[in-house]
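The following blocks contain the structures, represented as structure tokens.
You will see two complexes here that share chain A, one where it goes with chain B and one where it goes with chain C.
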Partner chain A sequence: MSQARTQSPPPASAARVDAIAAIMRFSTLGALIALIIFNVFFTNHFLAMQTLDVNLTQVATIVIVGVGMTLVIATGGIDLSVGSLMAISGAIAPIIFLNKVFNIGEVHVAVAVAMIVAVLLAGAFGWFNGWLITRFRIQPIIGTLVLFIAGRGIAQVMTNGNLQPFKLDAFQWIGLGRLFAIQDVYRGLPIQVAIMIVLVIAAAWVLKRSLFGRQILAIGGNERAARLSGVPVAQVKRWVYCISGLCAGLAGLVVIAINSSSDANQVGLGMELDAIAAVAVGGTLLSGGRATITGTLIGALIIQLVRYTMLANGVPDDVAKLAKAGLIVAAVWLQGQGRA
Partner chain B sequence: MKKTSFVTFLSSQGVLIALALLILFGWSRYDNFLGLFNITSVLRYNSMFALVSLGMCFVIMTGGIDLSVGATAALGSVVSAILSPHGTLIGTLGGVGAGLIIGLINGFVIVRLRILPFIATLAAMLAANGAALVLAGDQSVSVSYDSGFTDLGQGDFYNIPIPALIAAVLYVVGSVVLNYTSAGRTVLAIGGNEDASRLMGLPVNRVKFLVYVASGCLSGLAGVILASQFGAGQPIEGVGWELAAIASVVVGGTLLTGGLGSVGATLAGVMLLGLIFNVLNFENGMGFISLSAYWQSVIRGVFLLIVVILQSQLMGRAERAEAQ
Partner chain C sequence: MTSATSPSVSPLLSMRSISKAFGGIPALAAASLEVAPGEVHALIGQNGAGKSTMIKILTGYVGRDEGEISFDGAAFDARSPQDAQHKGISTIYQEINLVPFRSVTENICLGRESRRFGLLDWKAMHEQARTLLSRFKIDLDVRKPLLRFNTATQQMVAIARAIGFKAKLVIMDEPTSSLDEREVAVLFDVIRQLKSEGVSVVFVSHKLDELYEVCDRVTIMRDGRTVRTADMAAIGKLELVASMLGRDIAQVAKSATAFGDRHGRIGDVVLTADHLSAGHKVHDVSFSVKRGEIAGFAGLLGAGRTETARMVFGADPLRSGSLSLDGQPLVPREPIDSIRRGIGFSSEDRKLEGIVPEMSVSENLTLALMPQLTRAGIVDEAKQQAIVEKFIQRLGVKCSGPGQKIRELSGGNQQKVLLARWLAMNPKLLILDEPTRGIDVGAKAEIQSLIKELADQGLAVLMISSELEEVLEGSDRVFVLREGRSVAEFPHAEASESAVMTAMAHGDSDLVAERSAS
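After this line comes the complex of A and B, so read on.
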């Protein structure tokens, strides 16, 4: 759906690339379908609403972060700071809505302010990543390493490393609320899953149809050529890292809402790896220039479902990690074969 | 060429100057900063990071990256703790062997399957972490205190901590290999321009493979020291070590694009980042201010920020000078 390329190559190779793209898309989708079929036969109670619910709820934060990560990787970059930005967003929000700094009487106003400030702060840090990378021409892996290290420290300093417990339905709606519930039939769509779906559709549209999306892919395909043809490279990159920060901020809110507490030491820990893995398995080219948002969604679902399948069939979580490692290498290797 | 060596000079001197200033600051401000106890405990604790950073330094000089070092160290600590009742040698060999296996896998996946180092070592990180947890049964594994295994991490040799001695020896070896062997020169050549190195007939694949194997072994050894120093193999230790190591290497002035680097400056980078934590402890001990330990990662991040900005400015200047 959102498989998009930089420019139109000559017809013959276009057909070839499209064929490969189709195979890649088919193979990730095929793997997902195969996993589901396997589970239908071998996992008890797999075809239950609750199974879908559990898996979607668990995968939502990874996909939300993965959307931003896909855009970053599409420009040929990487964002290691997402986990730390989640921690910052998760740390600042309770500080505001628990009225620790200034007293906001009306609870809904406080929650709204907390959410907006938290997400914007994470976005600002993301923009800082982009500024660092474009202004000083620092490799993305190092530019975002700065906030990977310092970001969690900032969150810990803000909360003094303390757990911030809370019980506030108005805020926790973002992690525990549900839409479209039908009495006695359906518990409703979890809010974070709805957010995930909206983000995936919006980002897929942006990447495929908008000028901004075209510019992202052009930069990832050939940065120098993009610059020469008038693409505002630095500006686009800064926005992309900013978007990645915004996504991370949102995911941070979801995580603390689910946990009913914010722990700066834990929120978003290892998220950068999960998000990158989802992007890689989904078929986005890690060197940039070709990206698929739906691929990232499918990649995240595959990783989640592999883990679920193993856990549901009594394989320990530690062993499941080995399988995940093999999965990532196999997916990227297949991608390389497709290009050769 | 001359400009490039000028940049190396400046960036490697930069970390030494910063290190000297920090030591001077600590010496003038705190009573026991240069006391035997403080020096040995700083050296003892940081020798693990020094070993991991040494391997990382070589990997980065080829233009690659190794994200698996922390998890590999954790795996090494678990394996050596399990084997420690059989003696120091067996325990050490076990830990280093575990690192060797991870290094071999990394080398194979990167060189043979031609997968980006970033992704390959990311997967290896997951695998090593999973393997460590499986072997340890999800808990830390106590080492044997009867076999002399703990001396490796806790013992002294004429007042010098044994782990620091091991690290020092390996840094000398690393420096010699880098500067005086053909393999070492090939490392830098690959980082400078991999295609050109290949066309010149340099054994690019073999050297790249060896670099990841060395990094794995050094991480395994760091794990052995971890287990012996703290008396337990710790499957969940080592989180974030890879990034601390990368930061040390970069602070030391090694270019992340490869092709340029110094083993000695990496050691200075490790010491600099380690001493920041030490100074923070002393500062809190004085009681005037109370900075929580959480500030250390903020300060480390700021240090890294300053260094990479300086490095990029210096490189930019050198490039412009070369162009003229």
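After this line comes the complex of A and C, so read on.
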């Protein structure tokens, strides 16, 4: 009824919003650079290949999950089930490649089948999330809470709650293998870091250049307008949650490969929060409609580097967690300013 | 401004010279409202007339910029709706604001529980609820959860809760919109009961018949001002509508417009709608639109115009009736179905359902066209840019470039981008709901002439506008809707203000009666 509602915001406030958006875009990258400079001066042996290696390896799974999470959040949703889906993927893969159910003679075939089945299963559960949310119009936070709780239970039932240890180079290549190694000079790029880079580039490109990316951002920006313009809202959302599931499945494989064992209780524990934190710090709008994949990468790196900096300078891990919480609060506060 | 017979006793409520602006845009300009004790007072006006703002100021929901309010013999200033209720003014909204899973007692006593030794005194509370309901001659098991009862009973409980024991003035904002006839009758009994106890009621409704049935006096608002207060018995329906729309009934005459030669260009029927019904607001609507024709929907607020348009587009489900496009049945389940058949729809609420604020002019303009601009899932940027530049130029959209965010544009320019969103699709039928609402005069004229130009080129247009003038001057045919039914159809030449307003106010049956009476 009030006429004010239909008016566009006055240009002054729009300009202010954009200024803040620009500051945010700059500030995430700026914060990363500041952290690196700080470390160069104050942390011993920071400028070593080893440091880069450790940090990238640790951040890779968060970014892999964060890519899917960014797409979900871009539609205005959220996916709490990613950690549990990692556990499911991590539970099913060893069952297959250890030949527990049926015998696949050739080890490479077994590993390939295990990986494909594990990732697709996680993707199918992701699709289920999307189906719940669109079919019954459940809020995403509740819809994905279902598998957040049940998913880990499913993983435990699959493994009877047992730890599954293994030592199988053909599989662990995904967590321990390296590319482009140079004898005596460079140990090589960790495979999971390579996967991370490929995923980040692919997702950033999809978000910017494809119909699917445009539809995701339209839904997050104004779902009703998107529907009235013929965007297949339910279908796009299902795909987005499916992709988030696929990413989680892949991350689950990386984690168990690094650990040489699969523990349904531990794989991906707390990952949903790490991924959401990376997305938030990276500058993606948590209410949807504006998303940046490279931002998520930078966000994850900042969180990782803050923790590394503190640990390397003798600050206890508990305090480091406080710093992480502070970062998230700061990022969300900045977003609130941007929307005011 | 005609002064009505003022009540002999001093008024219970008096709001004088109330002004209020939102972000520089005036919503109220020296509006006033006076309600006598024990009176049922109707408050009516078109969308944006200022009724809601008036009520929000009275109940402390928003502050006022200027003006005075006195209530029950003293200056009145509510800080919040709760405060207003505490001081004797209760409000009942369209939507029932209760907790369905809790008992009737809990709902009635929520926020004013009786306590005994720090515990809830259930016995006293049940008794309190029962007494309150008996006042409205309602007898039910107050221990049962609210959702066990039908809508009318729930509404009664809501009213009982709102009124409590000490309300002197009750505001009802479209209380009947979700009730059926029998339930409305029960509600009116309650209103009469309140009146007999000396409680005053302010009644907001768009259903004119209801006003005549239950109200004593009426205050009509338009463009943030109070244009008239009158005894219900002293004002005819047609006069009421004329005041709401700002037309002087005595001088209403068909003005000649340069519209005459358009009829030659009108072609075959594009869309036929037969006996559509849906939800609470559309009961029986039929109309058709031809190639090259602008068909206009006229009607009061709540007549079902927007709801009908949304149904045709597949935005809301159709309950019964049939649609056909170019002679083929049209069964739209989702907007995408209609879009594929060549229908475009521009919503009345640009911000809520039109623009995607975070996206650029370019992305907003091509949102509906996007699937046709992609090859193997990838957007053809060159093709997109060519189309966007063509339409920016053709419609004269003022922006710094295709990459500018749409939220930074003025309302008129946003509307042009949204029109272009559909024109880029080259549609057969374009449905425009309030195409010129909330935009400046210059842009308005531009958009109106653009619509005519498009029709000249063969587009079928269905246009809805609350501004009668816009419908009458801009349409080849006018369909009048009243309370969810199509009641009249006029070709452009016969669509005089008086004829259309008469149909808006009465419908055919009443019309005959009034003519024979006069």
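Basically, the second predicted complex is superposed on the first by the 319 of 340 C-alpha atoms of A that agree within 3 Å, B and C clash if a C-alpha of one lies under 4 Å from a C-alpha of the other, contacts with A are read in each partner's own complex, and residues count from 1 in each chain.
Note that in this section contacts are C-beta pairs under 8 Å (C-beta built on N, C-alpha and C of every residue); 3 or more make two chains touch, one makes a residue touch a chain.
All values reported here derive from a predicted model rather than from experimental measurement.
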Practice problem: Between chain B and chain C, pick out the one touching the greater number of residues of chain A. | Solution: B
Exercise. Determine, under the contact definition given at the top, whether A:161 touches first (chain B), second (chain C), both, or neither.
Key: first
Exercise. Have a look at where A:232 lands relative to chain B and chain C in the superposition and call it first, second, both or neither.
Key: second
Quiz item: A:215 contacts which: chain B (first), chain C (second), both, neither?
Solution: second
Quiz item: Does the superposition put A:50 against chain B (first), chain C (second), both, or neither?
Solution: neither
Self-check item: chain B and chain C footprints on chain A, overlapping residues
Solution: none
Exercise. Could you pull out which chain A residues touch chain C in their complex?
Key: 1-11, 14-15, 18, 209-212, 214-215, 217-218, 221-222, 224-232, 285, 289-290
Quiz item: Tell me, which parts of chain B touch chain A in their complex?
Solution: 65, 109, 113-116, 118-120, 122-127, 129-131, 133-134, 138, 239-240, 243-244, 246-247, 250, 256-257, 292-302, 304-305, 308-309, 312-313, 316
Quiz item: Which of the residues in chain A come into contact with chain B in the complex?
Solution: 78, 80, 132, 136-139, 141-143, 145-154, 156-157, 160-161, 269, 273, 276-277, 280, 286-287, 316-322, 324-326, 328-329, 332-333, 336
Quiz item: Of all residues in chain C, which touch chain A in the complex?
Solution: 22-23, 25, 27, 47-48, 51-53, 313, 315, 334-336, 339-340, 345, 347, 349-359, 363, 367-368, 370-371, 374, 377-379, 381, 405, 407-411, 414, 421, 437-438
